[in-house]
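First subunit A sits with subunit B, and in the next complex the same chain sits with subunit C.
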Partner chain A sequence: MSRLIPEEEYGKRPIGALRQWMSGVRDPYLNNVEAKEKTGQGEESEEQLEEYQREVLSVIRKAQDTANNSQYTLFRKFYRSAALICCLTLTLMLLITVAYLPPVGNAGNPAHNEVAAKYIKDGMQDTGAVNIVTGMILDYRAFDTFGESNVLFIATCTVLILMRNDKKKGRGSAEEEERRDSFYEPKSDKILQTSAMILVPFIILFGIYVILNGHLSPGGGFSGGAIIGAGLILYLNAFGIEKTEKFFTAKTYKWISFCSLSFYCIAKSYSFYTGAHHLESGIPLGIPGNILSSGLILPLNICVGLVVACTMYAFFVLFRKGGF
Partner chain B sequence: MIFERIRFILGVGLLAIGVVTFALEVLGVFRFKYVLNRMHAAAMGDTLGIGSSLAGLMILFGFQFVTLKLVLVVIFLWCASPVSSHLISRLECTVNEDLKKYCEVKSK
Partner chain C sequence: MDFIQNVPFFSIMISMFSGIISSILSEKWAKRLNTAAILVVGIMSGALLLYLCRTGIGSYIFMMGHFPAPWGNEIRAGVLEAGMAMFFCIVMLLSMTGGRKKLFDEVEYTKHNIYYILVDMMLSSLLALIYTNDLFTAYVFVEINTIAACGLIMIRQNGRTIEAAVRYMIMSLLGSGLLLMGICMLYDLTGHLLMSNIKEVMAEIMANGTYRIPMLVTVGIMTIGLAIKSALFPCHAWLPDAYGYSTVSSAAMLSSLVSKGYIFLLIKIFYRVIGLDIIYSSHIIGILFIFGLCGMLFGSFSAIGEKDIRRMIAFSSVAQIGYIYMGFGLGMKEGMVASVYHILVHAATKSLLFISAIGLTDVSAGSRSFFALNGSGYRNRIAGIGFAVGSLSMVGIPIFSGFVSKLLFAKAAIINPTWKMFPTVIVLAISTILNAIYFLKTVIRIYTPEDLTVEKEKGSYSIRWDEQKLYAATIILFVVLNLILGMNSRPVIHLIETGLANFA
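Moving on, here comes the complex of A and B:
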């Protein structure tokens, strides 16, 4: 590219600066926004340090002297009266709104429309699930549940970005941070280990039961997955990360989430496609009430449960150690 | 008839013991100053209060499938609550430097 003006002058103009920033030549934030590490520490004499300390102490004393601070008293008065006014206004608004609500249990209420009536009437026949709620969230409105599962996955990704600690060795590494964080925590506590040994299998079994019975009884992927995640966290707390690392690493998390979410997406896309075009989907609904019934709901429940359990465990590990 | 009445009185009595324990627990949690004392009050509610009120409910309900679920709830809480209290107290004993001010410490 030929330019009439030299490179340095071009960089000073806004368009040139933008172009340089886009191509990564210049970072406008570098040395401008981020705090720099102080260099030349320890060069101050003791007098300077003492004066600095006295200054800090006087500032703290001035800040904590709330009785004589007229600005603070004024602010507190304002704060209290504003809080009172806000609370009263909100209460009044809500009470007025409540007065205009339709009476509870009235047959003419907007909630009693044909959608709810259809779900209750045809729900079991359409979805094959005895539990109408599960039939709703995993069949009629499965797309919404897919979005929720993805939200969990995205939340884990965000926490991963914020908390991830890739350093393997030395100061600030993941192992050292974990050791420092859990320095006072009781380690290898006999009572906790014994009770965890007894409880964890039952907790995880109960979670699996809740997931597998999602279409028959209250429960399903979200609650069952949360129970399994809690069992895993209890196991981790009792026996340390070395034991759980043997069967659950970042790779396991990645593959389980990826497989569950993509299976959910593909299966539900197929069923929506066939449903929208009035085609035969070929998925047997089975007899309502059997464990192997209601078509896609059981596998989808398992997928959601796996994603939720992994997300809970991953959150805990990330906050604890900053990595798997 | 008389059996029914005895059962009712027993169930209500156990339930009342549970409610009184919960009231004491709330009072203790808010009035005690030191952590271990507060925790003692809280743990008392989680074990004795839950146990006696659920036992009262079991007697009032009679023997059903629900009774088994209540028994499982009691067993689970009696496993979980003391262990968590133990962990908190152990952390407090490890961290607090002036533990001797509050309670007598036996040296090993």
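Moving on, here comes the complex of A and C:
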């Protein structure tokens, strides 16, 4: 309230507005800050509605006409060049950094320290595995590898979310989609079937060999499992899903991966627990070089191999059919 | 070694094993197992925290296997780690219970047990990120965290979530790739993956001047990789869709836990790998500071312009992440404490906001637009209270948690001796006002009564609290958590300070 100027004029000034806001007479937010819904809809005449529709259509057409939209082309140009510049800068920066890194193969490199030396020197004695790499990933750093096999497990879970079709019957069911997708595929290709017949046993046998010899020679669960998975996929492609379903269904997959991961989890928990409390684990290491040696490494290799093989096969089946 | 010192190892293994078991269980049992696992891990972490505080052991190392550290794996637990694990479990449990009803509406029933597998795995990876003392272990679990988060986004299958998941995947993999590259170069330069060993070699390198340039690039790459993964300002484009369209438990967990896990790892890397002196004397901290400030402003601007309530809350996350990085950027201990406190505050508040927002939109005929929300605070009273508390906390009203962290930020800025003082204080003030604009605008709208006839026309209805007991309990617990953080901040700050001191 001012004594010098009349009430109306005072209200228009900033100080007056502030006063009114403080006393609650006026709310500056009301009808100003919030977005308002369009009122008066449904009152237009037919003509107006038609015009409105035409306008909307023309706007949509204009927006979809990307070839002649100057704003859009400009944005695309900007976007592409910015992306290019970012990538080139990053690449250049990393290349320059590589030039400053220690030279490869130099004996004085920082990476050649006591860590690697102990792996090479004591690896066989500590883990019982002739193959140092296997000894490292499944005994020295088994916790990381456990995480890594869980990465595979959880990746399958996300693919299951994305691809598994749970509809059993009718339009859009897994069966029907598979039939539609493979309509033009040759049903029983003699050449493929014959060669698969010869190759698949050898591939799977080789995979088993790689897994079982993981602690003796190059290889192990991850690579052997991938080989077995490839063999299964070849078999599936040659003979169709009906043949493989006889021995490998969703249930088989579920139980195999559950059993191997649980075994891994329990076995390693035991070994971590005893290790942390400096107890003897009581698992014999055997004679290095024998097939039954190196303690837990052989069973763990088998577990990892099973998980990897099942994962590979499951991915393929899910992409092909959307379910087992 | 006392038996209770096994807790970090047990909690990682329990959560992981429950994920593995869930793959053969029915939906119902997977749900129970998930709840039990989170509860057990939370209680155990609380016990560990009590034990560590009582005995005064700062932190200790737990050997994972028969071989000592640089050869085998190890994890490390301290006051801050145990407290963080307990807090994450609380928030995760509440997020799961709050979104349980919505899960049935939005996710195919046959895929529910996969959802619980993902949540279990995410818990284990968060715990591993908290406890790890080894950079490669951290990377492995970052991977699990990323894939689980992608699954959590796209388990509600519609076009928007698939698109959001693809975006999240691309940005997140860029971040992971940079982190991995950084770890590789760090190994090349130092020959170690164990955090404490790297720190020793790092100090030597920095003192000698050999490999100085690649070291700085490495540190920068790792920082930026983790910043992208936790949605620091210019790399936040994936965030609004990912938080805005996924099912509500996922949104709450993604915003309050997943991004915080990466930030916690970054703090760990600052303290235990690089060393505070080196990081504070480099320009990387300045970049984080500037992007943090930009995030505080632009996140809020985007939120003001948003008409979809879920996306608005998501954009507000960008602003809050900006606060956290601004605290790092101040380059002082007080800023770090404020940032860690803000991690807690944001985790507790943002999940509350997401969960109460879903209650409000449900009684407004499922529409997420602002216009439909008129009077929804009366139709679902408990959700309205939750949203109001969350909003007030985010704005920074005293007695709610947001106030304390803002006060800590302001205090840290004022005693900062460098040029960073004025920008921080000014942007803090502006950002608070912007926060107030968009949050209070929504609170006013949900408490503006709507005509009954209009309500009926729109198809909205009222719901009482006894029709949604679990949901109401969740909201009440969240509000209590907020009030605890807001009114009882001193012991928490003390805990953070001792925890950070043990880090170094």
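What we mean here is this: the second predicted complex is superposed on the first by the 230 of 324 C-alpha atoms of A that agree within 3 Å, B and C clash if a C-alpha of one lies under 4 Å from a C-alpha of the other, contacts with A are read in each partner's own complex, and residues count from 1 in each chain.
Following the convention adopted for this analysis, a residue touches a chain if its C-beta (ideal position, glycine included) is under 8 Å from a C-beta of that chain, and two chains touch if they have at least 3 such contacts.
This structure is a prediction, so every number in the text was calculated from the model and none was measured.
J.: Identify whether subunit B and subunit C fit side by side or clash on subunit A in the overlaid structures.
T.: Aligned on subunit A, subunit B and subunit C fit with no clash.
J.: Counting only touches as set out at the top, which of subunit B and subunit C does A:A276 meet: first, second, both, neither?
T.: So A:A276 only meets subunit C here.
J.: Report for A:A142: first if it touches subunit B alone, second if subunit C alone, otherwise both or neither.
T.: Second partner only.
J.: Per the contact definition in the header, classify A:D189: touching subunit B only (first), subunit C only (second), both, or neither.
T.: After superposition on chain A, A:D189 lies in contact with subunit B alone.
J.: Quick one: classify A:T66 as touching subunit B (first), subunit C (second), both or neither.
T.: neither
J.: Counting residues of subunit A in contact, which comes out ahead: subunit B or subunit C?
T.: It is C that touches the greater number of subunit A residues.
J.: By the touch definition at the top of the document, which applies to A:L101: first (subunit B), second (subunit C), both, or neither?
T.: A:L101 sits against subunit C, while subunit B stays out of touch.
J.: Touching A:K118, do we find subunit B (first), subunit C (second), both, or neither?
T.: second
J.: Which partner chains sit in contact with A:K254 here, subunit B, subunit C, both or neither? Use first/second/both/neither.
T.: Once the two structures are laid over each other on A, A:K254 reaches subunit C alone.
J.: With the superposition applied, I'd like the minimum CA-CA separation between subunit B and subunit C in Å.
T.: 31 Å.
J.: Sort out for me which residues of subunit C touch subunit A in the complex.
T.: Counting only subunit C, the residues touching subunit A are 1, 6, 9, 13, 16-17, 19-21, 23-24, 62-67, 70-73, 108, 110-111, 114, 117-118, 121, 124-125, 128, 134, 136-137, 140-141, 143-144, 147-148, 150-151, 154-155, 157, 181, 185, 187-192, 201, 211, 213-214, 217-218, 307, 370-371, 437, 441, 444-445.
J.: Would you pull the subunit B residues touching subunit A in the complex into a rising list?
T.: Spelled out, the residues of subunit B in touch with subunit A are 76, 79-80, 83, 86-87, 90-91, 94-95.
J.: What residues of subunit A sit close enough to touch subunit B in their complex?
T.: 184-186, 189, 191-192, 195, 198-199
J.: Which subunit A residues qualify as touching subunit C in the complex?
T.: Answer in residue numbers: 29, 33-35, 37, 93-94, 97, 100-102, 109-116, 118-119, 126, 139-144, 146-148, 150-151, 153-155, 157-158, 160-162, 164, 166, 254-255, 257-258, 261-262, 265-266, 269, 271-277, 281.
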